[in-house]
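So that you can tell them apart, the chains are marked A, B, C and D in the order they are listed, and the count of residues begins at 1 in each.
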Amino acid sequence: MTKTLKAGILGATGTVGQRFISLLSEHPHFKIHALGASPRSAGKPYERATKWKMAKAMPKEVRQHIVKTCDPRDEFLECDVVFSGLDADVAGEIEMAFMKANIPLFSNAKNYRTHPEVPLIVPLTNSSHFDLIPHQRTKHNLDKGFLVTNANCSTTGLVVPLGALQDAFGPLSKVMVTTMQAISGAGYPGVASLDILDNVVPHIGGEEPKMEWETLKILGSLNKDKSGFDLLTNTKVSATCNRVPVIDGHLMSVSIEFARQPAPSVEEITRVLENYRTEAQELGCYSAPEHAIIVSQEEDRPQPRLDRDNGNGYSVTVGRIRPCPIFDVKFTLLIHNTILGAAGSGILNAEIAQKKGYIV
Amino acid sequence: MTKTLKAGILGATGTVGQRFISLLSEHPHFKIHALGASPRSAGKPYERATKWKMAKAMPKEVRQHIVKTCDPRDEFLECDVVFSGLDADVAGEIEMAFMKANIPLFSNAKNYRTHPEVPLIVPLTNSSHFDLIPHQRTKHNLDKGFLVTNANCSTTGLVVPLGALQDAFGPLSKVMVTTMQAISGAGYPGVASLDILDNVVPHIGGEEPKMEWETLKILGSLNKDKSGFDLLTNTKVSATCNRVPVIDGHLMSVSIEFARQPAPSVEEITRVLENYRTEAQELGCYSAPEHAIIVSQEEDRPQPRLDRDNGNGYSVTVGRIRPCPIFDVKFTLLIHNTILGAAGSGILNAEIAQKKGYIV
Amino acid sequence: MTKTLKAGILGATGTVGQRFISLLSEHPHFKIHALGASPRSAGKPYERATKWKMAKAMPKEVRQHIVKTCDPRDEFLECDVVFSGLDADVAGEIEMAFMKANIPLFSNAKNYRTHPEVPLIVPLTNSSHFDLIPHQRTKHNLDKGFLVTNANCSTTGLVVPLGALQDAFGPLSKVMVTTMQAISGAGYPGVASLDILDNVVPHIGGEEPKMEWETLKILGSLNKDKSGFDLLTNTKVSATCNRVPVIDGHLMSVSIEFARQPAPSVEEITRVLENYRTEAQELGCYSAPEHAIIVSQEEDRPQPRLDRDNGNGYSVTVGRIRPCPIFDVKFTLLIHNTILGAAGSGILNAEIAQKKGYIV
Amino acid sequence: MTKTLKAGILGATGTVGQRFISLLSEHPHFKIHALGASPRSAGKPYERATKWKMAKAMPKEVRQHIVKTCDPRDEFLECDVVFSGLDADVAGEIEMAFMKANIPLFSNAKNYRTHPEVPLIVPLTNSSHFDLIPHQRTKHNLDKGFLVTNANCSTTGLVVPLGALQDAFGPLSKVMVTTMQAISGAGYPGVASLDILDNVVPHIGGEEPKMEWETLKILGSLNKDKSGFDLLTNTKVSATCNRVPVIDGHLMSVSIEFARQPAPSVEEITRVLENYRTEAQELGCYSAPEHAIIVSQEEDRPQPRLDRDNGNGYSVTVGRIRPCPIFDVKFTLLIHNTILGAAGSGILNAEIAQKKGYIV
């Protein structure tokens, strides 16, 4: 039987924090134990500290929960695991302090994603990278604590099928991706309605380099002694990011080229994506979707509004797999950006870590 | 002084037809003389035959104009030029009949775009292709009539900067484009609101092959004796087309590779696009925009809602010119799909044809 | 224990039919047994006969189910209950034929709502009107069959709080309501995207008279011998209906005046709405929401996107209860138009009918 | 000939300020002479001080114009007229200082609308209220300066037809109005996209009391000695305000009752609205629309996207005039909230003031 874990949430009043609360409140293996936010919110009951923006109503259990500051003490020290939905401008110091306080921390912030000794884990793709934790603990002299990040929401959607294909057919040489990203990715208030109604904004600050770099770390491997990462060096990624008037769900047009030539056929690729199994499923993780990748055969799918909740928001949906006149193959993919693309990744990562014995 | 031309409009009650009427009614060199539509509409005053969907009110001059069937007789025979906004399922026979009746016809339909003896002309790009008209007239024994088509709305936006770059730097070897297209491109009723609100549809029937093929004809050249076209053979185009909840304005993420290596720099490319001059401007055509291409320096432009009316909808706006990690350069472009991308192309083509002496 | 009922669905391929399927497939007391649609769809497996438009995926159990024509024979004769999502232009004859074939029929169509011997039932409001069924059966010589309709989606939302207030404070003299209705109310393809994006359409054909008339029947009473209905005669209703770019959820601004003066206070009204209990709850119906009416205290609620799923779409949410400078009190209400406002009403009505012994 | 006036703009970088610049730059009788904004913007060229959000490009003449603080000195003292698009939190002191500096000031802010000695003028409705200016000047010892405000955007739309009807048929006893207001009314960034996409927000802070009170002042009259205003006392107004996902254009459902009974017929009302002439037209003001009120006969109009630009945004469009089951008559109206509803009112007011000799 899976032990129920006491969970803390940093940045609990923001949009990522709200999603953590919404998902954890219905989760059988976690109990929300600590809520952290800025000093402005601290001391208030949660319902008065936040402007709740989820379509699902605020869980009763957190309404009266008193919000604390984001310090690794009191309730947080009692947590088995802490999730961070902090903004990047404050995440750096706070998250490091939590790790050093011997707390297992799963961060959604970008700050440590590029750190050479912090795993950047997409739970459906590179859960093997958890094996860097012993090195991290040794270095910082910890017995329970560690720091793991999940990836950018768009990167997460992209690497799931790419990883499945790389496993099956070897390295990709080129990946060209154009995203159409939902407004929820920008938090709240985030995108002004005057900027996005009847409009598309062809730029998202910092997003393109993140997609291009994170992909190489996630699809790379642990080094031999499990003390660092060997990034991909022979895969080129070119990303263009656009914001569209969609609430949830990042859609991407992708074109890829394999190192191996002749490349696998559309049929072979389809079969590999449909049959892709991942460690989270093998371990029986609660949030792991039945299908990590759902392949749609309809010519006009996936669509954000109709497919974002596939696998309860934990599946990546792929469609329109077809030859590319320039590279080998093109397809369209969709990820629920605030579930698998953010809070859900953190939670599923924690489930994997627990199953693998890294949370005790 | 420019002679005022009597203009007929085929498919006058549809969305392209409405745009032709809206643009021609304010045009100093055209006078609307004949309106053609289906037998169901024929015989009615225009205001009762159509469900007007333009934001600009229906011009007074056409309200009481009696709609005719699309036959090359009566008022249509008196026209100096006829514009066709017909649907493809009826355009084939009707447009051929008009040409054979010795009427200069500018078609927005796809039927004859691939025909080896019909020019496919984007007015800001390949107006030199008008020089096939003498061959067409000889073949069909005409002295005034001809048949010219404009391109698909997305192709039109794409080829304007590509043509400018090809002129300056020689052939492109690879063009990868992902579109985000407005709903007005699908006509009326067109896209159901349940399909597009809070959504993106990653498929537009037939659009991708059109972009990939038409580009090769438009950027190709007339053959030596001006009796046909030499399509590009060394340029590969890969297009992915998406529908987004935007009223007007097709946005595209483009990445290109030049045959010439080293490729021109971002600065050289920017300069060429900014300074691009086209025959329509040299000839002093009324609808020719001051700048065929407007280069935006803001990092989050062009945007459909803010930039689609640039140059009164006759300019293509380009932004975010930057290096591509895979090809040479990436940029974003925007075209007003129902002005330069449809009716406006027909009108500007007619202006060019008049200036060049093909309309008498 | 509640007996599981075999359910048939007429108009199974339309949007209301899809919602019936979606709700029934997860319902513990119904089993989908027969699917009826037009002759064009009949004979095909359901997944090939329909263009599924729900965000929740098509239930597996219906994918291969062969669609039949809407005739009261074969599988339909084996059904314990049949739900009709038929369009009004065909519902009249078909529904009557089903009732005469001794089948309990719950219709969402408007055809029989105004019939003097057909109950028009909003399940949270006037379930007492089921007691006309014995009269109906006697008249048509039936022992099992009957015909009951639910109300227009907007009427349904309106009468729930009005009924609660009428119960508590006596008749209303005046009801002024302005609706802002979701596009899903118009079915598929329904509202063209060009008509509603960046727009509001201030007219919905036939909707205003429906709201004004149906309210009087629903809030009226059965006559003495339970053979007909006494409509309200002293309540005036004025409705204005608008279509807004919202997927699901009809929002309404309501102002009311009580016959009784002085009128109840805002506090009294709030208390009555919050504490409103309805027969569906007393009977323990599966779909009955915990709260028939949810009163929101936040000044900017209810909102369609955030509140439409309250009570799984079976609650009406009321907010902004405040004095009206002209009438007595104003408030805003929200109903999920395709759940409680359509298919859900039919299903909850069937649950009530079963509990009351009208389905055997 | 009309003298060209030097115009200053306060709050020039905000959305109302941008609209002032956009309208004035194309106006033959105004020349933009001074731009004022917050100290943070002061000293910068306008194009670097602002984030331009108009669909029409920023006028060349202001790009390099150096922004000043909002003090009544330097360039502002040379202005013939100053328009204020300031936010309410700073408008109070600044606007009073400008008036006292003997500058004719037209304010769009709410601060002085309720002041007993400041005219609140909707240019198509109560331009007679300008005649309080002599009293204002006497009191403050000015020979050129004065302070006039225009009304709230929604109020402005409402009072134009109400004023026309009151002129023709005498006082209204009751006015019930429900608005559906565009996002541009909230400025920039204003409404968060997560709050309004696929949604309606049934609350706009402070808007309902504004509509209910301002209407009584505007439709009231100057007192006998032109030193103050007699507000309407026998007209009750009840307003409910909603925010909808529309860029520009406030739509309203209105129901009214006349004091005079029997009330005028729908036909009489229609005729009065169609034929309504206003002083701005009689004086030949440049921005005065040909028709102050446009009556649409189509059953589904006015619509924001199709009708907001009627009369270049200076007309009010009225449709669906029909009997009300409770009051006398119902109709729908539309106003362009950022043209006639804001900056345009200020400009048209200035034109009237010039024609009437109050600007010298």
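Assume a contact is a pair of C-beta atoms (placed from the backbone, for glycine too) under 8 Å apart; a residue touches a chain by one contact, two chains touch by 3 or more.
Since the model is a prediction, treat every value here as computed from it, not as a measurement.
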Computed over C-alpha atoms, the centroid farthest from that of subunit D is that of chain A
Of C-D and B-C, the pair with more C-beta contacts is C-D
I'd like the Å distance between the centres of subunit C and subunit D, where a centre is the mean of that chain's Cα atoms. 43
Can you give the whole-Å distance between the Cα centres of subunit A and subunit C? 40
Between the Cα centroids of subunit B and subunit C the separation in whole angstrom comes to 49
What parts of subunit D, by residue number, touch at least two of the other chains? 53, 195, 197-198, 245-247, 305-306
Touch graph across the chains, line, ring, star, complete or other? complete
What residues of subunit B sit close enough to touch subunit C in their complex? 53, 183-184, 188-198, 245-247
Could you please specify the touching residues of subunit A with respect to subunit B in the complex? 174, 176, 178, 180, 195, 197-203, 212, 236-238, 240, 242, 244-247, 251, 253, 255, 299-306, 319-320, 324-327, 330, 332
Spell out the residues on subunit B that touch subunit D in their complex, using ranges where they run on. 53-57, 197-198, 247, 305-306, 309-310
